[in-house]
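Two complexes follow with chain A in common, the first pairing it with chain B and the second with chain C.
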Partner chain A sequence: MPSQIDLAARNKALDIIKNSMRSLVEQISRGEKPILVIPKRTLANTIYDLRKKMLLLGPEIQHRSFTDVNEAKKFMQTLLMASIIFDALRNNEYPTIRDLYYRGKHSISYKTIDGKHVSENTWEEQRESDGVIRDLEVYLSVLREDLLILSKEKGKVVGNLVIRSGDDTIDLSKMGHGAYAIEPTPDLIEFVDVDAEYILVVEKDAVFQQLHRYGFWRKYKAILVTSAGQPDRATRRFVRRLSDEYKLPVYILADSDPYGYYIYSVFKTGSITLSYESERLATPSAKFIGVMMTDIFGDSVFRKIIKDKDARKTLEEIAPGVSELKPKNPYLSESERSNFVIKAKTKDLERAVELVGYKVADVCIEDKDVKNKIKKKEGLTGYPWFSTPEWTRELCIFFNTLSKLEIEAMASKGLKFLADKYIPEKLSIGDWID
Partner chain B sequence: MSELKEVYRAVSPAEFFYKYREIAGFANPARAIYQTIRELVENALDATDVHGIPPDVKITIRKADETQDFYQVTVEDNGIGIPPNIVPNAFGKVLFSSKYVLRQSRGMYGLGVKMVVLYAQMTTGRPVEVITSKSGYKRIYYFKLRIDVNKNEPVVIEAGSWRKTRDWHGTIVSVTIEGDWSRAKSRVLEYLHRTAIVLPYANIVMLTPENEIVYYPRIVNTMPRPPVETRPHPQGTDLEFLNSLVKNTDFKTIEELLIHSFQSMGEVTAKQILQVAGINPERKPSELSDNELLSLINAMKTYDKYKPPSSRALSPLGEEIIKAGLRRAFNPEYVDAVSRRPSAYSGHPFVVEVGIAYGGNTPIGEDKPIVLRYANKIPLLYDEATDVITEVVKEDISWDNYMISFPSPLVILVHVCSTKIPFKGVGKESIADIPELRKEIKLGIMEVTRGLKQYLSKKVKEEEARRKAEAVAKYIPEVARSLAVILADENELNTLRKEIISKLTTIVAKKTGVSLDLIHGIVKSIEAEA
Partner chain C sequence: MPSQIDLAARNKALDIIKNSMRSLVEQISRGEKPILVIPKRTLANTIYDLRKKMLLLGPEIQHRSFTDVNEAKKFMQTLLMASIIFDALRNNEYPTIRDLYYRGKHSISYKTIDGKHVSENTWEEQRESDGVIRDLEVYLSVLREDLLILSKEKGKVVGNLVIRSGDDTIDLSKMGHGAYAIEPTPDLIEFVDVDAEYILVVEKDAVFQQLHRYGFWRKYKAILVTSAGQPDRATRRFVRRLSDEYKLPVYILADSDPYGYYIYSVFKTGSITLSYESERLATPSAKFIGVMMTDIFGDSVFRKIIKDKDARKTLEEIAPGVSELKPKNPYLSESERSNFVIKAKTKDLERAVELVGYKVADVCIEDKDVKNKIKKKEGLTGYPWFSTPEWTRELCIFFNTLSKLEIEAMASKGLKFLADKYIPEKLSIGDWID
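Showing the complex of A and B:
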């Protein structure tokens, strides 16, 4: 038997689908060609909203008319997807996107005008049906979670937090060595009681477990969350809700490499492919606590670079104030650095260029051969939310040292160091990037 | 050195053609049998359609000897028949004809049937048999005759007559010749097929030696208007004609003679011409000197204010007849024809007619259309490469511009009719390149091909519309099902689904301009598979 909250969600979703489809049928019975009016889900129509500090869908609208030869199939697919989701909702099912792919995939066989028998599939690969799901989310302006579509559970959480999930009440401070796996429908969770001062999101599952066993969250009044790599939608929505509803600051702890920085930016501003969901998934107040390049190297490297007038000028143009940042000392000694630091690969460099643009790389990279390797990215200007003085300094150091570092390395220096010095100290002095 | 002694003598026309029969198309036994059938059939047709009679022509070919390759060819028609006193000369005197008048006909030299008789005489030795009667005659006449080659005179071997029991008119001609039927057969069949295309108003039957019946029934009841005998046009004449005119006339003055002997020649015109020639209009025709006649003919030829030659002597097929013939022959997807307005060259009137057939069973032209050439309703089967019609098709028309790319199922039929077809050489198989004619042929082909282009581009558009409709229609059932699943209860689901299907069918039909039935068909085919 589905829980009350589950049933209510189902009925709401059924109504949303029914209402929008009813208007289509009305068009049809008036003899008009049916049209789906859908916000455009293209890169060009993805914009960074400076005020809200998140990636949002732009104002462009697409009219998907059934009688348009180029749109007819997509139109059919959208309605087909709506009908299978509708059917699943009515039957108290929880399909995954893979289930939906299989349920909707069948062949349409027909006789052409020249009498040939032809057969085509409603869709071929899951990539196609996944795209249709996104279209439908945008069209209905609901998230798939609201349609009770499940995905793999990836995120975990522990801390002084009591929730209601389904008909059960769960105390997340009593999970033993385990943790609560964030359900794919975080909007159905009810927060009953919270006793914490902030949320700490750890990119790496292993570090999450170490901090959990160490008793970090109890000692420092934190809700400890891990996304176990790239955050899924449920984890992002969970963090966003919890931070919104209890006014808890969110700190992200990720690897010190362009991937880690990007994971942070997905939490904070949203992702490009799912920009239509940012309003509900992004947490614009999230802060990057570490690991920073300056935590590893301090800022001496950077100071040396901006001694050069031209370099300084270029960087100031990109991020005004970058040369006036507070000086920073490293957390690692020379020998620790040489033990823990990993050499950056070309792919990391390319990714970094995507974040802050080519000019920063051009100024900060010393090695000519390395520079040649990323020549093809010339012209990229980076994402607006990365062109801040702090990020410019971080990535400049990255380009100059060609180094990266995993959080695990910080734990290797000693779990005690990570839990009792690194994190609390940075939090207390406010050493984060916003 | 003794000089060779030259011997001088004259031969009769009969003797000449007897010796040089290949000039008239009797080069070998295969060609001979084909030519025999042609000459007899064309005489039969001249005796019918030229006189407004819908032709009924029956051709019988049968083996006439057990051991030798002798064939008896008999052609029967329902034509005007021949007066009995004329028959011996018509069949036994070379260069005797009733067609030396200015009027479009197939025969024109008075040679054809005599060549057949001569060829029979020299290969099998058998005489020609003629049975004939005219409408209104009470008797049917019968002749058996041969030709005295040296004298160019008929020799009647047998003649007789019997009473008519019904009002039959027509002619039956029968000859026995040596021939190679097996090699001639395909050509003969081709000849009949081509003839039938321009003669859908004729009944043509052929019985082959193998007892096969080849039958082209009459499929239209209209006939081309018969040609009317006309006087020559002053520009189409010559000094020789003028000479014989002034010698044999009863007219008292040259002015009168001119006015009554030529078309487009009124009093004013005649006076002006005579003035230019320096001849008093009152002069007696027979008293004009050779020099005066020469300046007269020159004046007649250079005068440039005549009305163009009358086309009344011509008998064009007409557009409907050409289309009917092409339709029967090829069952084409598209057919059209045009009869150009009369035109003239050197004082001879002519009309060009062009037919076009595309698709269906139309034969494929590999790098140019298949060309069917006709002169005065006779199909031209040989010497295609040197014909002006072929040249126009190959050189003057850019087929690409008409949306035609080869290979293509395309036939172009060109019919030239004239009181004087400008044949190349004596073979009468290819038409010479006369600028006025070439231009008309080109314009005619362009005219019908433009029509085809319009048809093709419309077809392409329709095809596109149908493709578009198909690309949408195939999703109607799935869309309807999806909407019905969402909006209807279990028991109303099918009703709603069907309602949406029928609505969408109408919407798509309206949007694409394609017929409802077509979209129904696609939708149904999906329903059937599901």
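Showing the complex of A and C:
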């Protein structure tokens, strides 16, 4: 019943687990204490690789020894999880991480040295078993999808693209008004034929639906993808592979707010807590096409701010060149702005400070009360990949205007405006942030 | 660029709006005060139709007069929204409800009788403009989808089903490991060919992925659908149409908790706040196949409770026949139960009381502290469609055990168990709740 592709993937995964565990068996048969050596998945061991432009795991490793009382439980959990996944692979199953949590959850009863009977759970919460799965991913150097672990998927795609998935050949330009829902194991997809010039990833499903219905991808030779919010792993891997294998540029269209910027960041750089996946999931060449703060307000606000010598000096120290950016005109009129713009919340502000650091906020926020509100974030310096002139200007305007804008607002100016002017014009003049 | 199907839908919608608004124009040209007559969308005017087995709008209507100072704003909003939608239809656009909010949002300045200049916004929040869209739907007797208003969609489908959507013919048995993402306007889909015996709707996308990958729909001739949580309108309409047009039974597989039961209820009966849609969106013949409390615990707990004469009397008054239900054996062993079951939260309890009423809770809850917690819900009598012997027993066990269970737990007993035993066995012996 399952496709040959799945069978091959299964056998490959079984081999990987077998080979990796062999060293343990050898340690034991040599009479040594069994020890697992696993790269450390801590924040301190997460580095931003400037050359590769992505978040990666650093060089630190950890040891998990079966005979160390502090490590024995983690050692047991790791082997338990490996054996559950191994069994699932052998039994033609497709577990989810939730499944794996349930499958492994049970009580172990044992007698302590002083003769007491004790009972302990393998794990209490899914958070624990998820951590073990991540450890296994870095230990085995595979993604969980390679182990045929499935998950909920939200990503959709349409465009001039023919793929092979399972035993089927699917023409993604023939999806009618619907779309193709990306499978949870995108590495098993074979790209058969692509006739497109770029990939446009839209954060919002509803805007994806509109552009699709409008015929955008056909008219502009685009592959249209939506992540339907924060992107899942499969959507990120799908975009990365398609971009790599056909040298297609990737543009991200998201809301103009720190949440939208972060979605872009996850596509491009990787996720901070799962940096070990970046090497295969991140698309470092992805560009943010909008919606930009400068699309809403132009940059007059910003130019006013950097007229102040001290402000300019501070911002130049953070992002050299920020005061020499080309001026930009807004796409929205004064009255459109007043109808479309949403007031930023404290949560947005705090997230923005996380992105570019406290100093940009301090220089650009005018309102004293608001300034005081984020005082507690004073230590934050922002992510290196947001310390560029363009992002500094964007966030500075955000802090100054305390405003955000949804993509829908651009569509409400007319779908024609969004599809035939805003996106194509920005693409043709290169008005994106890299 | 847009398909002929969309053009036809557009023209039909334009005609509907034109014809409905004509009476207003005639009132004005006769020198009468223009009045809109709209069915009332209040909770008090929402009735459960026992024969049709769905929630419907009652007979009450409301008048909105342009010259009544209390109704003038609502009158203006309704006409404003109608004109925005009319323009969007004419301009080949596909607005979302968020768009429509933005498009209509602006300030109206006018001079009051005593000469003051006043400025007022057409609407402040999307909640307001959404209400106006609902009013228009009942006024025009159409669904918003008929007006080509699009929305975010989560529903997916695979199976032996060929459809026509837009200009394409799509074979939903050839989706590889992915799936077909249902379009936002499911009434424009043409079902070309179906070779299936029933529709299985799975609440959870991850379980849908597992069953799909396992080849469940092929082996058991099912159309496999997921709502990915609370179902959106398109998924409900798609299931309803497919079930109607091919006389296919519909089975819902959801988590065993009040949230899962409610998802079933929305599919079957309609949503309480949007009862005007039920006539086209609800599937009154839909059956709940699981996960049932009796699948987890059997019914011994329940039989113990109704041994008490008073308890039996109370429950029989609510759901006559509840004490004569056939006994049921659980699918889970004692140890599986202890690993899989999740403790219900106060929120779950309160929602369960909403479903079946306070009396069932009062009779079945043992824990005094818990009983006190929900005392404040004493007035609630539950929804009529949950006052059946089967649901009363289910919820009674829920109240007694204060437990819930996810579908994933059934899959973690083995995907084979879920796909080849649990679902087929329950279907073959008719172990569902209607």
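One rule holds in what follows: the second predicted complex is superposed on the first by the 430 of 434 C-alpha atoms of A that agree within 3 Å, B and C clash if a C-alpha of one lies under 4 Å from a C-alpha of the other, contacts with A are read in each partner's own complex, and residues count from 1 in each chain.
Please note the rule applied: a residue touches a chain if its C-beta (ideal position, glycine included) is under 8 Å from a C-beta of that chain, and two chains touch if they have at least 3 such contacts.
Note that the structure is a prediction, hence the values are computed from the model and not measured.
A.B. asks: Mind telling me which of the two, chain B or chain C, contacts the most residues of chain A?
C.D. replies: C
A.B. asks: Answer with first, second, both or neither: which of chain B and chain C does A:62 touch in the superposed model?
C.D. replies: A:62 sits against neither chain B nor chain C.
A.B. asks: Look at A:91 in the shared chain and tell me whether it touches chain B only, chain C only, both, or neither; answer first, second, both or neither.
C.D. replies: Touch partner of A:91: chain C, not chain B.
A.B. asks: Determine, under the contact definition given at the top, whether A:46 touches first (chain B), second (chain C), both, or neither.
C.D. replies: Neither partner.
A.B. asks: If you stack the two complexes on chain A, which partner ends up touching A:175: first (chain B), second (chain C), both, or neither?
C.D. replies: So A:175 only meets chain C here.
A.B. asks: Name the contact category of A:73: first (chain B only), second (chain C only), both, or neither.
C.D. replies: So A:73 only meets chain B here.
A.B. asks: First (chain B), second (chain C), both or neither: which does A:185 touch?
C.D. replies: After superposing on A, A:185 lies in contact with chain C but is clear of chain B.
A.B. asks: Touch check for A:278: first (chain B), second (chain C), both, or neither?
C.D. replies: So A:278 meets neither chain B nor chain C here.
A.B. asks: Show which residues of chain A both chain B and chain C reach, each in its own complex.
C.D. replies: Shared contact residues on chain A: none.
A.B. asks: List the residues on chain B that touch chain A in their complex, please.
C.D. replies: Contact set of chain B toward chain A: 466-468, 470-472, 474-475, 477-479, 481-483, 485-487, 499-500, 503-504, 506-508, 510-512, 518, 521-522, 525-526, 529-530.
A.B. asks: Flag every residue of chain C that touches chain A in the complex, lowest number first.
C.D. replies: 1-3, 6, 91-96, 98-103, 105-106, 150-154, 156, 163-170, 174-185, 188-189, 204-207, 209-210, 213-215, 218-219, 228, 335, 339-340, 406, 408-409, 411-412, 414-416
A.B. asks: Can you list the residues on chain A that touch chain B in the complex?
C.D. replies: Residue list for chain A touching chain B: 17-18, 21-22, 24-25, 28-29, 31-34, 66-69, 72-73, 75-76, 79-80, 82-83, 86-87, 108-113, 120, 122.
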